[in-house]
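Below are two complexes that have subunit A in common, paired first with subunit B and then with subunit C.
Here is the complex of A and B:
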């Protein structure tokens, strides 16, 4: 091929420059800026000059502390209990507010606590809401990535049959993908309402025995409801990618399998699945990247509530960077998210590497 | 599972279609609900969610919600803004990215491989991780227009268009496609003295129908469905696109019928476009699955 290429610096740069220049300005520059800004106190608009603040953005975002407390005892050495018989502990405030013996706990508040030995261990965080956002995002990714990839494969296998009218089904399954997630989120607010379609359907199917919750208003069901809807919307996308993977598998392999008398499961296990290996890795990584970006569903459906049960990393980045115009804090979250996405993709790539 | 008993075969065929249909219902019902509800008055709409009537066009049907939606918000402006921003971005993106793809595949120049690998590396940067610093960048960028030199791009069309013209995926798709074009053709044109521009314009572009369609559809879906970005950078009503315009329906007295009418208005054209070009749509999504 090399001989056919004409060496032409001027034309080459001239033709590549519009595209590369735009990417440099609108992708690479903001990407680098995110790192730089995370060490400053930059705001969108501010009368004061921007200053370097070192790691303080990271500390106030990710700071964690552990405190182990023994129950309070009276003069006789007996554990003081409240009216329910539970031991009483000293107030956390006395450790986190201006306590010279515990400078590392200054300004932190309780994230969660558990009983340990004779006392109680408290995990404290500088930013409890952000900790919840991290956990919610990780739960979302951990459920959505395998479930969506698996369902998409099932759909692809369903659609890959030779049946009259199969294209109609494929068209319908793919339909939600072209509809905006904003529109979908609004529609599903009806479905998830306390007297909404889902509860009416469930109560109809169980002859009134099932009395469903307000799915999005209940901290225990809100994140699950958003997970369900997100899978519904995006699964068609990955069905199509699986389908294109399925169609690269040579039909002669299936013929050979049929001659050998392979069962359906054996055909899938030894012919289909090995042929889908690369597709599987790609789909897993793509879904993971998309899942980490969870934002529109939250913004339209719950705004992070109830009780922060649907806070996510990107929602927090937007709330701070745009809502409070605190660019440096938003940039710090962006850097954190990028490092998280990158390390999980690399881990996935490493775990799914071909072992020879 | 040896010889299939013919009486069984009909049953199994029926079972297959039953499963396929059940799944189709799950995917279609919220959209059917949207369209049907947009024709109903609010009180009936809410009452109907208690039964299967939610999915049936029954009762007092009219286009009243659509008229009311236009009265409540500048719906026409939102739609025109979205069409304009999407159309211009798609057109510029096809031109800029195909030109870059041409330079990467058919020309040899210092720095080519490095530039290409930098562009491909941006594929692992999700937009959400650069949105906030990008907000700062566009709030400071200069522009020379009718009013002379101005600083800051907020509340303009260009802030919705220019950052999305070039992207790593589109350039990558063009590069992949161009690599498979017959090199002899380009070589022959060169021997006959055609310039690079002529080769791009007269030979490569006419052969690029499928990839242009793919890139256009992917860009169209991204641009028309933009939400996070315009939410942050466009506060001015006259410049807002359809997805952000939705907010107008949640102020003060909430009218669900009007919301359904608005959702239908902004969704049906896309669905119709998809149904008309469904093969191309599905092929373009499939092409993003090329192992990169």
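Here is the complex of A and C:
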């Protein structure tokens, strides 16, 4: 921690130059470009000149509105109900499409709604798909970060033993990491198919009692299926990092613990876990950042569907930038993601800081 | 001295012109397909040997990466002289200046099917060596068993007849699903294969005649809503597998007897013919407003930045000979664009096993909306079709699709022709 940047060691700077140069060219410059482009109407394919548009990209991405509606009433003042007895509401499109009384709702559509008081409150968004992408990404991160880190730690503890053939287990757990994520995703698409491997396995294990769902075709299971597969795919990578952390803990501590008569739990709680502190911080931050970048699985397995249940922020950025040729919108999403990840990483740093 | 130098220079130019042909580069989307590469390489070496002005060299890309490569090259100012382009994307590239009007003799392509001629703003930009077609594939024995009338081009199935066929196939209990619509192929297949249904109901993706262009009223109008409800019913009633269909089933399900019908392209017809000896290719049904299939496949064009458009045009004219058209058709099963070339092929000659596709293409083909906004509109359509198939509210989904398409048109100043 005591080293300071100095200008005396020219050789050191010279050696760092290729690395710094590449980072500047491929990370910093594109980010600056994305930031600038998010205030323009830059297109991927267009003969029209680019213009500054101020914050309108951010407005159309993040715009929200609220509308409170009363149920429809017939002439007698009674609430009109449908066949299930639920009150009927006027169609939202009559408010959000070309209605001069509600100019602030033009083009917005329903994100979600809840009953409140005598009526129903609708939360409207300019870009419902993006709102769903944010929520899905946050759910993905919130599940994957702790589960993947925990599972990787368990695996690391299991393979951190002197056993004959332990390298075979290390290789097996690490294998999915070195296979291309696109290939893995394709394979899992077959595994998750309605009459695929997983459902056959489950129905075999339960003697046909379990009739598996169409994992990727059902909005309720699709995101969970992708979470499960993603955890499985990358758990080996973090297992190796945990393992390296485990092996830096001095064996003398364990010997001392054994002499003191510590139980296995006590050994883990008071020797292993404190020794893994820095590794844990690293793994948590790395998984969080990787999880926010969720893209390949979505692109190969679901394309964001069914019914937007697996839309994610990065998938939307690519969809808009390349698919819909709207570079400025893709850039806006990238800037938004940068701010989001940065603030969460800073929060994590602060929460896991060393308290003295 | 000056005169001498000029004379020498002229002599040098003349000599080098005679010795060296002008280099033309060409990009092609078919890397990885050996048959296709052989034919195109043959055409190029024939062309290079046939004259002394031009020398074409080809670079092939995998189809999935091709469009990105062209866009990247255009941004970098590094386009080749000749390139191929997917028919419906052509107006977008022409509008952006990637392509320039193709200076070839109109008489050369007079006899072509409408699909392979790429015209935008009353100018020819691209020509295809083939077209593709979609048909309702089934077996004669299936039709007989289910007691269904064989539809013809003159008298295609109506909506009632088509739904009757779906219901009969479902009720027979012999199939996993009545029809394979190809829902697992989530790319350009959706607009290519399913826009014809929307057209047949009387709707459209974009009204390109309106000024500015708009999707309002055509995609979410009454016809659009009727189409959407019908589309949702195909999945809600279990007639067709939805977007989560296993890709393997799409590839081989019909041959394995999982589906009674398959709405499929002629490029996939050869395995069907191998699997059964009574395969029939039926024309698209008429849902009240005519029966259609999509037209236009990959086509050749000259880039907007080339210094030698006449060289590119010379090559494309050379490639349009019937013998090459026939070779492509025999090699990869595509429809040759002229009757004379069709007569030379195994599959499309009169009484050939796929001759019906030639008539389908000639009679039913309709171009996807010819507008620079098509690439975006088609992506929006793809998502809307998937959402509706998955049970989303039809009117709301089509409304949002319209909003997205119109916002894109507005963001591009109505896709007016740049000056």
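One rule holds for everything that comes next: the second predicted complex is superposed on the first by the 325 of 356 C-alpha atoms of A that agree within 3 Å, B and C clash if a C-alpha of one lies under 4 Å from a C-alpha of the other, contacts with A are read in each partner's own complex, and residues count from 1 in each chain.
As a convention for this text, a residue touches a chain if its C-beta (ideal position, glycine included) is under 8 Å from a C-beta of that chain, and two chains touch if they have at least 3 such contacts.
For clarity, every value in this text was computed on a predicted model and none was experimentally measured.
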**Prompt:** Sharing subunit A, do subunit B and subunit C clash or fit in the superposition?
**Reply:** clash
**Request:** Considering only touches as defined above, state whether A:13 meets subunit B (first), subunit C (second), both or neither.
**Result:** first
**Request:** Examine A:342 and indicate which partner it touches, taking first as subunit B and second as subunit C; both and neither are also allowed.
**Result:** first
**Message:** On the A-aligned overlay, A:324 touches which partner chain: subunit B = first, subunit C = second, or both, or neither?
**Reply:** second
**Message:** With both complexes overlaid on chain A, does A:306 touch subunit B (first), subunit C (second), both or neither?
**Reply:** second
**Message:** On the A-aligned overlay, A:213 touches which partner chain: subunit B = first, subunit C = second, or both, or neither?
**Reply:** neither
**Asked** Who does A:275 touch here: subunit B (first), subunit C (second), both, or neither?
**Response** neither
**Request:** Go through the superposed model and pick first if A:71 touches only subunit B, second if only subunit C, both, or neither.
**Result:** neither
**Asked** Where does A:41 make contact in the superposed view: on subunit B (first), on subunit C (second), on both, or on neither?
**Response** second
**Asked** Any idea whether subunit B or subunit C touches more of subunit A?
**Response** B
**Request:** Tell me which partner A:194 touches in the superposition: subunit B (first), subunit C (second), both or neither.
**Result:** second
**Request:** Name the stretch of subunit C, from among 4-12, 58-66 or 202-210, that runs into subunit B once the two structures are superposed.
**Result:** 58-66
**Asked** subunit A residues touched by both subunit B and subunit C?
**Response** 44-45, 190, 193, 195-196, 322
**Request:** Could you please specify the touching residues of subunit A with respect to subunit B in the complex?
**Result:** 1-2, 4-9, 11-16, 18-23, 25-31, 33-34, 37, 42, 44-45, 155, 158, 161, 163, 166, 169-184, 186-188, 190-191, 193, 195-197, 200, 232, 236-237, 240-241, 243-245, 263-264, 278-279, 282-283, 289, 292-293, 295-296, 299, 314, 317-318, 321-322, 327, 330-331, 333-335, 337-338, 341-342, 345
**Request:** Could you please specify the touching residues of subunit A with respect to subunit C in the complex?
**Result:** 41, 43-48, 60, 91-93, 97, 107, 109-110, 128, 189-190, 193-196, 214, 216-219, 303-308, 319, 322-326
**Message:** Considering only the defined contacts, which subunit C positions touch subunit A in the complex?
**Reply:** 68, 71, 74, 92-93, 95-98, 186, 242-244, 246-248, 375-376, 379-380, 383, 386-387, 390-392, 395-396, 399-400, 403, 407-408, 411-413, 418
**Fill in**
Residue set of subunit B touching subunit A in the complex reads 1, 13, 16-17, 19-21, 23-24, 26-28, 30-31, 33-34, 49-51, 54, 96-97, 99-100, 102-104, 106-112, 115, 118-119, 122, 124-137, 139, 162-168, 171, 183, 186-187, 190, 196, 200, 221, 224-225, 227-228, 231-232, 243, 246, 256, 259, 263, 266-267, 270-271, 274-275, 278, 281-282, 285-286, 288-289, 291-292
